[in-house]
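In order of appearance the chains are A, B, C and D, and numbering begins at 1 in each one.
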Amino acid sequence: MVVIQALVDGILIGGVYAVVSIGLTLVFGVMGIVNFAQAEFLMLGMFVGYLAWAWLGLDPLIGSVIAFAVVFALGCVVQHTLIRRVLRAPPVAQIFLTVGLLIVIENAALLGFGSQFRSVTTPYQTSALRLGDLFISVPYLAAFLMSVVSGLALWLFMNRSWYGRAMRATAQDGMAASLMGIDADRMRRIAFGLGVGLTAFGGAVILPYFTVHPTVGAQFVVLMFTVVVLGGLGSVAGAIVGGQAVGIIQSLSAMAFPVQLQNLVLFLVFITVLALRPQGLVGGAR
Amino acid sequence: MDKRSDHRGPRLLRPTRRAALQLGGAAVAMPFIARLAYAQKGPVNVGVVLPLSGANAQFGVNSLRGIELAAEQINKAGGIKALGGAPINLVVADSTSTPTTAATVGQRLITQNSVVAILGAYASSLSIALSEVTERRDIPLLTMSFSDQITSRGFKNIFQVVAKASTLGRAQLTETAEIAKDAGQTLQRVAIMYEDTAYGTSQAAGIRETAKQTGITIVMDEAYPLGITDVTPLINKLRGADAQAVFPASYLNDGLQIIRSMRQQRIGIPVIGGAGGYIIPDFKQGLGEFAEGVLSIAPGSHDLAPELTAEFRQRHGYFMTHEALEHAVCLSVLVQAIETSGKADPAAIRDTLHTTRFDQGWAKAMTGGAVKFDQTGLNTLSEPLMVQWQGDDLVTVGPSKYAKKKPIWTA
Amino acid sequence: MRPSLVLAAVALTVAALLPLTLDPAGYLIRVLTVTLLFAAMSQAWNIVGGLANQMSLGHAAFFGIGAYTSTILLVNYGLSPWIGMLAGAALGAAFAALVSVPTMGLRGHYFALATLAFGEVMRVIANSWPSLTGGPAGISVPFAPDSLLMLQFKSTLPYYYLMLAALVLVTAVFVVTKAGALGYRLRAVKENPDAAEVVGVDTARVKTIAAVMSGGIMAALGTAYAQFTFFFDPETVFGLGPISIRVALIAILGGIGTAAGPIVGAFVIIPLEELANSWLSAGTAGLSQLVYGILLMLIILVQPRGLVAPVEALAARWRTRRAR
Amino acid sequence: MSAPVATSPGTEPLLSVEELHAGYDAADVLHGVSVTVGMGEFVCVLGANTAGKSTLLRSVSRLVPRSRGRIRFAGTDLMALPSHAVPGLGIAHVPEGRHVFPDMTVEENLRLGAFAVRHDPAISGRFDGVLRLFPRLAERRRQRAGTLSGGEQQMVAVGRALMLGPRLLILDEPSHGLAPIVVDELHRAFLDIHAGGTAILLVEQNTALALSVASRGYVLESGRVVLADTADALADNPRVREAYLGI
């Protein structure tokens, strides 16, 4: 029973980890850029969701759509003004730029939103579904379902729409894509916007149980890298598998080890997977 | 939303500089302090090192607000009278939540700004790193960090205005046992969970130690990583632990997550937080009605001195948090030490701090109504308080001599 | 004499004489000391990051091992930090060899991300082993009177020279390595790992040697840091942002793979951070860090190959012109 | 230099390249090349490996970073356009080395060929046409393109180009590295495509094959056009015979 409870919890939280990490892998897949500032967009999404709740009275689950839209637009601008300029630069310069971006976003948020921890109050924040001895947290379930929906939407977009296919084409072969009449610059802009927008969306859907403050990104950054590397850098399907893996490892390892060592277990799995399968658990298939 | 810019820096000084000149004229007439007045033509520089950015920024900003409030009051009241009305000039530096930076900016304040003392730096790790610099430069450091290490290293220039973490941890358990007893329950099985920071671990150690002495069984004892993204495993463990009360030590985010998850799983046992995130306004804001009845230990509380802390609430829209209050106390005590010793000299201030009982100004807001440091620099009068969320406010409910309201035991 | 040697000699003379004009326990000298330390750390990183082109984001692991080893030996057994430094360096080198095994086959971003986990693993261990490390509360170097043997001084001046010596030493190691057979092989591995393997370079061995050197030196510098700040906690020495990423940034900003890069980078980044902090931190919270971040981005947008690159290009042009 | 071999009398050239200088880094690869392709014409460009044939084709598709001169297509100045705007005019380019999208299915690859004309209702008809032209692709419709054989990948690349319904099809070394039997199949397809009214500009190292399908050709050497004539005339030209046909 305890194991089932831990599994269910792991799957629910894993869905959220997946959706916040998909953007990171998408950006890498399309542009070959590892965006160290990705988690800062999660923070921005949380703030947008929070403000939508505080000013407009919108539930964060609805606010998440606004968070997506706002951060999507911001991502397009960031891609156009900053990231685009280092696409051909050495990887070290790319890392440097995104770390600079991380510092800027974090502190801009500190200036703009203040240092306060902010949290929304929802009617379901302390609700849980009860199935026998099994508790299913409603905020977790809601976040999970929203993640599934957004994951599906992304999948449909990437596989069924012209722009999604064009984006994958750009990722796989930029030159050939432009021979198809695809504006690679534009696709990268959309991909970056989409990537950070999805992360922001994920940030907003966890608001019912998670607090936002300007440095909240730091809590997620290593986790996000773990998720995408476990699944395979650049693979959207991998991020989903990776998210689930991380959620379940965290949840199950807490049963055998002190919770304090949760991340240690995670990192050991992470390093082992990297050493044995650098392409990730589902590497290869994009 | 941020009114800080209205009452800081230059504006803080402008009205009082005039006052200082007037008083300075009077001082010349008094030969025995004329030399001092001459030496103290300008304001007295007091260093403030706080985490204004990074993970602890919120507490750093609150602390600064407390210090600014106290400084303003002192300057409005005519500055430091023993120095001919010299005003306090705060030299603020951001320690960014990194100990190395805390030490470096401390060094800067000492050598570039000739500060007579430093206040800060909220987090224990920052204060300890900072103290390594102040100790070697013989500059007094007044802090409200509560790690035991602060005053256990034999340093001569450090002053801890609050009770240490192990004392807080002990009180957290004994006070709770008292409250339970009053409600007709014997506390036998408790759970502790804490973030693995200096603050969380030392507080947990205090609880653990006391439990052993008083024969209370700890049925769950879990540290968890700072910045935990999912507390469910903790709550699952708690559910299986059959505890009568739970003692979590954490900042706000984990605190909210813990309470929410407990409520989801219908775990109704009393929660006794370990200060940190449990006693700030955002806790109530985040949880709404679910904050009701949550207890916490606190090194200080705004309702012990409403006449002093009301202005803070008026200015910022929320009650004066304990870190703001204690930092105001730090400054107030420092100024009293300067008044007593009659000179703005670090060594003289240090000696005065060690030997004097301070019962004026903000010191009245502390337990015992005063501050008295022993030779290690610990404020011997400070006692931990038990506070509880009742209605919209955080009220002191223990020990009984300080209690403003009766505690509610929900078990 | 080669112009770069002349330049180095001049810089060294200036560096050696400069503190005589400063308050020996003052702020400026402290900033310079920290700068020298980070230059040395970044130079140690450069052996792996620059010569082998392995972007390590986990060097805090070695740094922290060094800091903890010497301090634990000092606290528990009263051993001189010099001995602790050797022990720490040995442990750091051993750890480097150990972590080389799983990361050997990884390239580019994968290597960087794998190493990211090392510092974090060490941080978790240090946090959860309080009986040895003092846990999250951190560990203090016991107060001692001024003593070279115990590597503890009241004034900052001796530390300045200590860090300067460290920087000179590490830079010498870097230069010699780069010019020697190992550097040649590392370059081969960097340019084309497969081809290097074909012509008989044992890439695994070469990379491991570089990692061991780099890790050992980094650990020794950890001891120097511990003796300089007297207090640290797991977050400080194993931190991702404060150590791992920062040493990489410094080298990248200066220009990786060059001896001057980490030095130039450190002398830009550390003072820049300090200046931003001292000018702006009394203002609105976050402003100083914001300005610092914007400056970082501007530098990399204008000069993506590092600050040393244009100087080198200029020097190369000058040389070829002179050769004609 | 370039012999004035007119396109079919009375028709405007579909593509005209005049005095094109182009290159990548410091040095130019092309030094004043002029080439025309008439409406519905089948033109080949011959030359040694480094003559600049691919650079010429890539210039037309605006993939070469530095170029000056004039390139016009059906009255539009291509020099002013970014590469992704070129296919929309009706130019489909099958690059050297095929460049299929390896992680997409055959069908996805083909459909992407119509990206520039994605609102054109004729797309689905064209898709069926491509599958008729290359029946093997119909069998492998759901297979990832990266797992196909070289010949099949070339079919995908050509089919993908046809999805545009191009007025000009640019083929860069389509038979490179393929088995003779596949090469034959492809060239038969090219003739079919041409017969359908599409102009073709072909670069081919297999000179004999190129001259057998094209109606006119250019010979490029060191970035300059050294010969321009009808395919038959080129096939008889001793210089061509010696240098490129090995006779």
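The rule we apply is simple: a residue touches a chain if its C-beta (ideal position, glycine included) is under 8 Å from a C-beta of that chain, and two chains touch if they have at least 3 such contacts.
These are the chains along with the protein names UniProt gives them: A, C = Branched-chain amino acid ABC transporter permease; D = ABC transporter ATP-binding protein.
For clarity, every value in this text was computed on a predicted model and none was experimentally measured.
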| item | value |
| --- | --- |
| Each chain counted as touching subunit B and subunit D at once | A |
| Chain whose Cα mean lies nearest the overall Cα mean | A |
| Relative to subunit C, chain with the most remote C-alpha centre | D |
| Separation of mean Cα positions, subunit D and subunit C [Å, integer] | 54 |
| Inter-chain centre distance, subunit A versus subunit B - centres from mean C-alpha coordinates, in Å | 37 |
| Whole-Å separation of chain centres (CA-atom averages), subunit A against subunit C | 32 |
| Multi-chain contact residues (two or more partners), subunit B | 2, 52-53, 57, 60-61, 196, 223, 225 |
| Set of subunit A residues in contact with two or more other chains | 107, 110, 115, 214, 218, 258, 260, 263 |
| Set of subunit D residues in contact with two or more other chains | none |
| Chain-chain contacts as defined at top | A-B, A-C, A-D, B-C |
| Contact footprint of subunit D on subunit A as seen in their complex | 162, 165-166, 168-169, 172-173, 175-184, 285-286 |
| Parts of subunit A lying in touch with subunit B, wherever the complex brings them together | 2, 5-6, 9, 13, 17, 107, 110, 114-121, 125-128, 135, 137-140, 209-211, 213-216, 218-220, 223, 247, 250-251, 254-255, 258-260, 262-263 |
| Subunit A-facing residues of subunit B, complex | 1-2, 52-55, 57-58, 60-61, 196, 222-225, 227-230, 232-234, 236-237, 240, 251-253, 256-257, 260-261, 263-266, 277, 280, 282, 285-288, 290 |
| Complex contact set, residues of subunit C against subunit B | 23, 25-28, 30-31, 34, 124, 127-128, 130, 135-138, 140, 143, 154, 156, 229-233, 235-236, 239, 242, 274, 277-278, 281-282, 284-286, 288-289 |
| Contact footprint of subunit C on subunit A as seen in their complex | 28, 34, 36, 82, 85-86, 89-93, 95-97, 99-104, 106-111, 115, 214, 218, 222, 225-226, 229, 233, 258, 260-261, 263-264, 267-268, 270-272, 274-275, 278 |
